[in-house]
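For clarity, chains are labelled A, B, C and D in written order, and residue numbers in each chain start from 1.
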Amino acid sequence: MKKYFRDPLYNFIIINETWILDLINSKEFQRLKQVKQLGTSEVTYYGANHTRFSHSIGTMYLMDKALGQLKNVINIDEETRKIGLAAALLHDIGHGPFSHVFEKVMSTNHEQWTIDIVLGDTEVNRILKTVNSDFPQKVAEVIKKEYEHKFVSYLLSSQLDVDRMDYLLRDSYYVGVKYGLFDVDMIIKSMLVCDDNIVIDYKGLYAVEQYVLARHYMYWQVYYHKTTRGYELLLQNILKRAKYLYEQNLLDIKIDLLIPVFKNEKINVEEYIQLNDSVILYAILSWKNSRDKILRDLCCKYLYRDLYKAYEIEQSFPFSLDAIKEILKNQNMDAEYYLALDRPSNVIYDYYVEGEEGEKPPILINSMGKNKSITRFSESIKAISGSQKIKYYLYFPRYNYDGVNISDDIIKYLEELKNE
Amino acid sequence: MKKYFRDPLYNFIIINETWILDLINSKEFQRLKQVKQLGTSEVTYYGANHTRFSHSIGTMYLMDKALGQLKNVINIDEETRKIGLAAALLHDIGHGPFSHVFEKVMSTNHEQWTIDIVLGDTEVNRILKTVNSDFPQKVAEVIKKEYEHKFVSYLLSSQLDVDRMDYLLRDSYYVGVKYGLFDVDMIIKSMLVCDDNIVIDYKGLYAVEQYVLARHYMYWQVYYHKTTRGYELLLQNILKRAKYLYEQNLLDIKIDLLIPVFKNEKINVEEYIQLNDSVILYAILSWKNSRDKILRDLCCKYLYRDLYKAYEIEQSFPFSLDAIKEILKNQNMDAEYYLALDRPSNVIYDYYVEGEEGEKPPILINSMGKNKSITRFSESIKAISGSQKIKYYLYFPRYNYDGVNISDDIIKYLEELKNE
Amino acid sequence: MKKYFRDPLYNFIIINETWILDLINSKEFQRLKQVKQLGTSEVTYYGANHTRFSHSIGTMYLMDKALGQLKNVINIDEETRKIGLAAALLHDIGHGPFSHVFEKVMSTNHEQWTIDIVLGDTEVNRILKTVNSDFPQKVAEVIKKEYEHKFVSYLLSSQLDVDRMDYLLRDSYYVGVKYGLFDVDMIIKSMLVCDDNIVIDYKGLYAVEQYVLARHYMYWQVYYHKTTRGYELLLQNILKRAKYLYEQNLLDIKIDLLIPVFKNEKINVEEYIQLNDSVILYAILSWKNSRDKILRDLCCKYLYRDLYKAYEIEQSFPFSLDAIKEILKNQNMDAEYYLALDRPSNVIYDYYVEGEEGEKPPILINSMGKNKSITRFSESIKAISGSQKIKYYLYFPRYNYDGVNISDDIIKYLEELKNE
Amino acid sequence: MKKYFRDPLYNFIIINETWILDLINSKEFQRLKQVKQLGTSEVTYYGANHTRFSHSIGTMYLMDKALGQLKNVINIDEETRKIGLAAALLHDIGHGPFSHVFEKVMSTNHEQWTIDIVLGDTEVNRILKTVNSDFPQKVAEVIKKEYEHKFVSYLLSSQLDVDRMDYLLRDSYYVGVKYGLFDVDMIIKSMLVCDDNIVIDYKGLYAVEQYVLARHYMYWQVYYHKTTRGYELLLQNILKRAKYLYEQNLLDIKIDLLIPVFKNEKINVEEYIQLNDSVILYAILSWKNSRDKILRDLCCKYLYRDLYKAYEIEQSFPFSLDAIKEILKNQNMDAEYYLALDRPSNVIYDYYVEGEEGEKPPILINSMGKNKSITRFSESIKAISGSQKIKYYLYFPRYNYDGVNISDDIIKYLEELKNE
């Protein structure tokens, strides 16, 4: 039996293996239809409405193409192929709603949830077992990078993997920018395997360079957009406040499906997979009617675009957070919820120093039979590798609760400091 | 002050009028970010995640281009231009979540809500008034097709309008199909005005033909897809059941924000604009734990893709709904919620018969100075005009509550009838 | 050994069979790099510079995809597959420069030349024989529609074939219009074989409809564009005049490579494959310095865009060519070279009437197991099928040899007639 | 009067100024329809058939958009705008066929020819004068970078200009690669003018980075492709040999239109604009029948893809050209025509060192009101700036005149050296 999915990037994706279709139709995977890929980005870029569901299928599609290419080079047995496809399809299944924000406040971890869903008492686990009894275990090994055929793990998660390839292309398409484009077909057809590692033939060098830089551009133009970060901050503070109120027994509007995560106990898979974006969005809609002034105010800000003011500062700038807290305090505003220093930073390509702690394997280029790190061939990647780019944004409110502008006072303080 | 929006279809959309920016940032308009353009289509086509927010801005963008073209032909004063833009931006602002389904069950009407939001005590209304005091009234007139400059209403809503142009292109892009593509630039540059009516110069004939057929294809391949219709049916039955339970005082899990619409009273704008897709989705997530067997079952079906079986039948086929109801009754299943005959039908282009009731003005083509209906020039549009295409789908469950297949019994009944 | 071609439509086309690579590198096939696909269209649409070389490779690529799909349905042996690919690759190899114009004046026939190149003493023939000895014969049979497996011929040449699919998509891409777009992947995945005939599964109906209409639009917007037709007429008259002068021994500037075709003898393959677009273009460049006033004038018109005036007339319009000839004669202009009535006409889809002479097999749609003509399912195709659309254009010069406007006189004559 | 051109990149380009239309229809500009943008690249990438005609119109289109953006910032009077458009449209009008190759052998210079056509006794000059009498002079000044408003010259020719922007996008489109893509709209909307110089607002930084790297990729993947360079070499040797034979009075097949350039005299504009690609292609077709063995052999190689063998060597590799010449001499082959060392090199972005000779003004980025070189903001551009990348290819024949392989001997010699 064949099933065709229409993918905006790859046109038809054909699934003709029952166990894959069953995975897609499982409870846990269907949930991803209500989990946005880019979380709060859609408030900045209105096209960014796509979900982890489409990204997961796209990642599996690229894994399939990559394994097909590698079969030209090495023998890949049927079981390994299936393990690769399953791991690609399921690699994001543990993501919660608005994933990074949610994780931070609720102290959960999406990677652990992914493993729990693959190995636990779930539909996904039961379907994987129909392939064979240790199949779930092996899929989990790929995700944990403990699988014996290391190249499969590398394909899924490394400095050059099908996960990143799909999300760069997909995010670009939906956001409507050209920053994330690169020649994915050229990269895949340049893939080789050497010593259980993925290596790129020299002819794919420029395509890989494009890919590394595409990630660079997407980080700074999209993922770390200051407005998006401001929304994330708001959301984080909303959840933090609600949790605090819940713990103090002061939360007047309760959202049933969120209660389990407010309790400081380990929640189970059944409870976890009830959570999707609509739970958070419904909570925000509801809490904007809360009696708690802070919770109500933050929810209104979120819904009606009254965002924090973002102010970029230099790293060395000697401002005092205490001074700003004082201004807020005078307005009866709690700095805990109204002031934040955000430091988005990104190491775009990790330079490999043998023996160093935390080293990440480099992207390898094969030229005339020898494998060398891409930094040996590409001046531009060498230039940006290892160097961390950081920005500093200070977020604070525009108005106090009475609608009086207070951001002017804060800015005045900062500007005066600057001119000293 | 200029604001650039990134649109996946049109790249940058530049807004440099404050009142438009204010409209976009208003409470009522921001709500559209959480209202999907295609409702349940995303469960069939996973890319269809776009919202009425992007469509509304796109419609305004095309209105702006169309008015710009018409300025080559006729004088258009500044006020009329602004009225056209505002009407285009706001034309969908009254849409509820999962719009058509919601309207049917809850007896609301999105067009009336649009007028209410434009004229009522809302942020939108206050912003429109800053342009001038009768501006909201005139914008409402365009939407109601009562505006003195009829060509503006035609541009927004007729058989050839910017609303359809945007949604055909946008839906195609997100769904990932080519069915909705046509040469929008050619249509716009062929636009003329004659007697307060929009007329297309002959050079745009083929582009208009493409546009009419694009709509035809999108209806049958996307909008009326049988799986999507099945989801709509499920959603409709969920809301119907919940409302019934509420009225009987039997609804055990209450969703606060939905209560106002369950009461049989007119709700106010403030209550209405709290509703977005997440409210419905949260309700379904919650109700799958209801004690009511039917509500619980329908919600699980919705979430875990256990869809109704769709069975296409010929119009003349002499089956008996009663016979099938009997089968369901034997399984203790209520036909009210588990059986439906769906008749999607579509008149793709309305043939114009002068003097006839309900006539819709035809698309006019100007050839050598004379305006004639497009059916005079296009054999293919003539062929499909006025003729209603109907399909008949019977929806029924695959399994009874105990997981025993009952669709086989129903299909057996239908197949035997067919072979008689 | 693998060879990758970059195709603007399909990205990488991979060739991994030596005999195909050899065919592509053969003398006769390489010639197609200098034969434009759309002849004089590039003077109207400046992007239309693509060649029969790219179209031929694209046609083979689609043939390969189609045969791959059909293998899901029927058994296709290796030899038949190879025959299909070779026929697709070579189907246009006999095209001369500016093909239809050249054929008309020089009385050659590209289909016959294709057969001659496949079967004659050529590199192509020698390479085909390396596959096996009767391979050239079978490839020729496919092209002549005499091959035993009829579905292969249908795939290459019928009302729904890979030749048309490729050229519609490719011409659209280069010209820069959206008229020729359709869902080619959907058509191919809907292909079935029944009784040695190609049949399309119902799910592909709309895609096929798009395809038929795409051809319709491309004919009228691109292929039959009046400016392009005017250029063809000029080119035809240039060749006619040069041939006439040659026969009268009056041609003062001889283009060596064209001499063989001016002689009224059958030329051989060796002479024929020397001809490409540059021969004709070089001739026009040279002849603009001819002592013959007509030849010189026509060549200047061609090079410097002093085109014939095109005047559209109704079929029933009772004008007299003699009257216009008289006007030209008074200006010492030879109507033979300066006056033409062009009647582009197109039957977009041939309606099938069983038993009728010249009937073309209809496109068949399979719905619930039965095959029926597409006109049974598609109102719009039914509407345009069998009906011939004709336009009438009268072409005449704007100026006489002294630069005095004479088109005004002719138009005056025509307008007066019209107003009578 | 309006004229619409269909451009595959920008869709409709609208011309509504008569003088521009007249320039496009002039003799000298129409010639560009027969001059390919990428010369011999189409033998490597079969889609690369586009012409300098489309590139010239595209360049004018981007100039128009850029000037439109700058009008938001500074006052630009009507005359300056027209001068900018004319210079953009005409900047390539002096290009000969297969431009760089032709120039090298024939000692002409396309930039000088451009000036000659703008200022000389040409249609172009007469049309420019209709705007006003010193208009041709000023257009020439822009091209020569002597125009008083320097920013106009910079827009046309600098490290960030509309010429490069158009050709990167256009070449990518036709070749079918993604290497040349970047966000052109973002660059244009980030343009400012400061001190008569073009400056890019910080928000356009990543788009400019993409643009610089796009050029980098296109050079190495397309423009300097070793097969293309091999064809250029062949063409160069064909022209060199024909010229030599002509000078020795030994050229048996004369191509009339090429005679003027074989004579060592300055040719006039009238003679020059007769030359287009078809003259060269016709000559090659003709000369393959020459009695001169070398000329005949080179032409056959060109037509039938029997290319030189390309062998990449390291810069420091101590091979001896004399040794290889010896091998060729033993085969009676003239190293002058059969051996070449090619050194494509490219400085992708010129690092600016104040006061240094030949310095090129850097791309300036405006951040918070201050202009600084882009290398201050972009690590990757800094990394590749100023550093020259060079490759070394040795080209030699595969076979001697009798079809005996001699490249093996040469390769053997080189490999042995390498292993020493």
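In this section, contacts are C-beta pairs under 8 Å (C-beta built on N, C-alpha and C of every residue); 3 or more make two chains touch, one makes a residue touch a chain.
Note that the structure is predicted; figures quoted are calculated from it, not measured.
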Chain whose average C-alpha position is farthest from chain B's own: D
Chain pair among B-D, A-C or B-C whose interface repeats that of A-D, sharing over half of the contact pairs by residue number: B-C
Chain pair showing more contacts of the two, B-C and C-D: C-D
Averaged-CA centre spacing for the pair chain D and chain B, given as whole angstrom: 52
Euclidean distance of C-alpha centroids - chain C vs chain D, Å: 32
Chain centre separation (chain B, chain C; CA means) in Å: 43
Residues within chain B bordering two or more other chains: 11, 177
Complex contacts: residues of chain B adjacent to chain A: 5-9, 11, 25, 27, 30, 33-34, 42-43, 45-47, 49-51, 53-54, 57, 173-177, 253, 256-257, 274, 276-279, 281-282, 285-286, 303-305
Chain A residues within the chain D interface of the complex: 177-179, 181-183, 206, 209-210, 213, 216-217, 220-221, 379-384, 387
Partner chain C, residues of chain A touching it in the complex: 4, 11-12, 185-186, 189
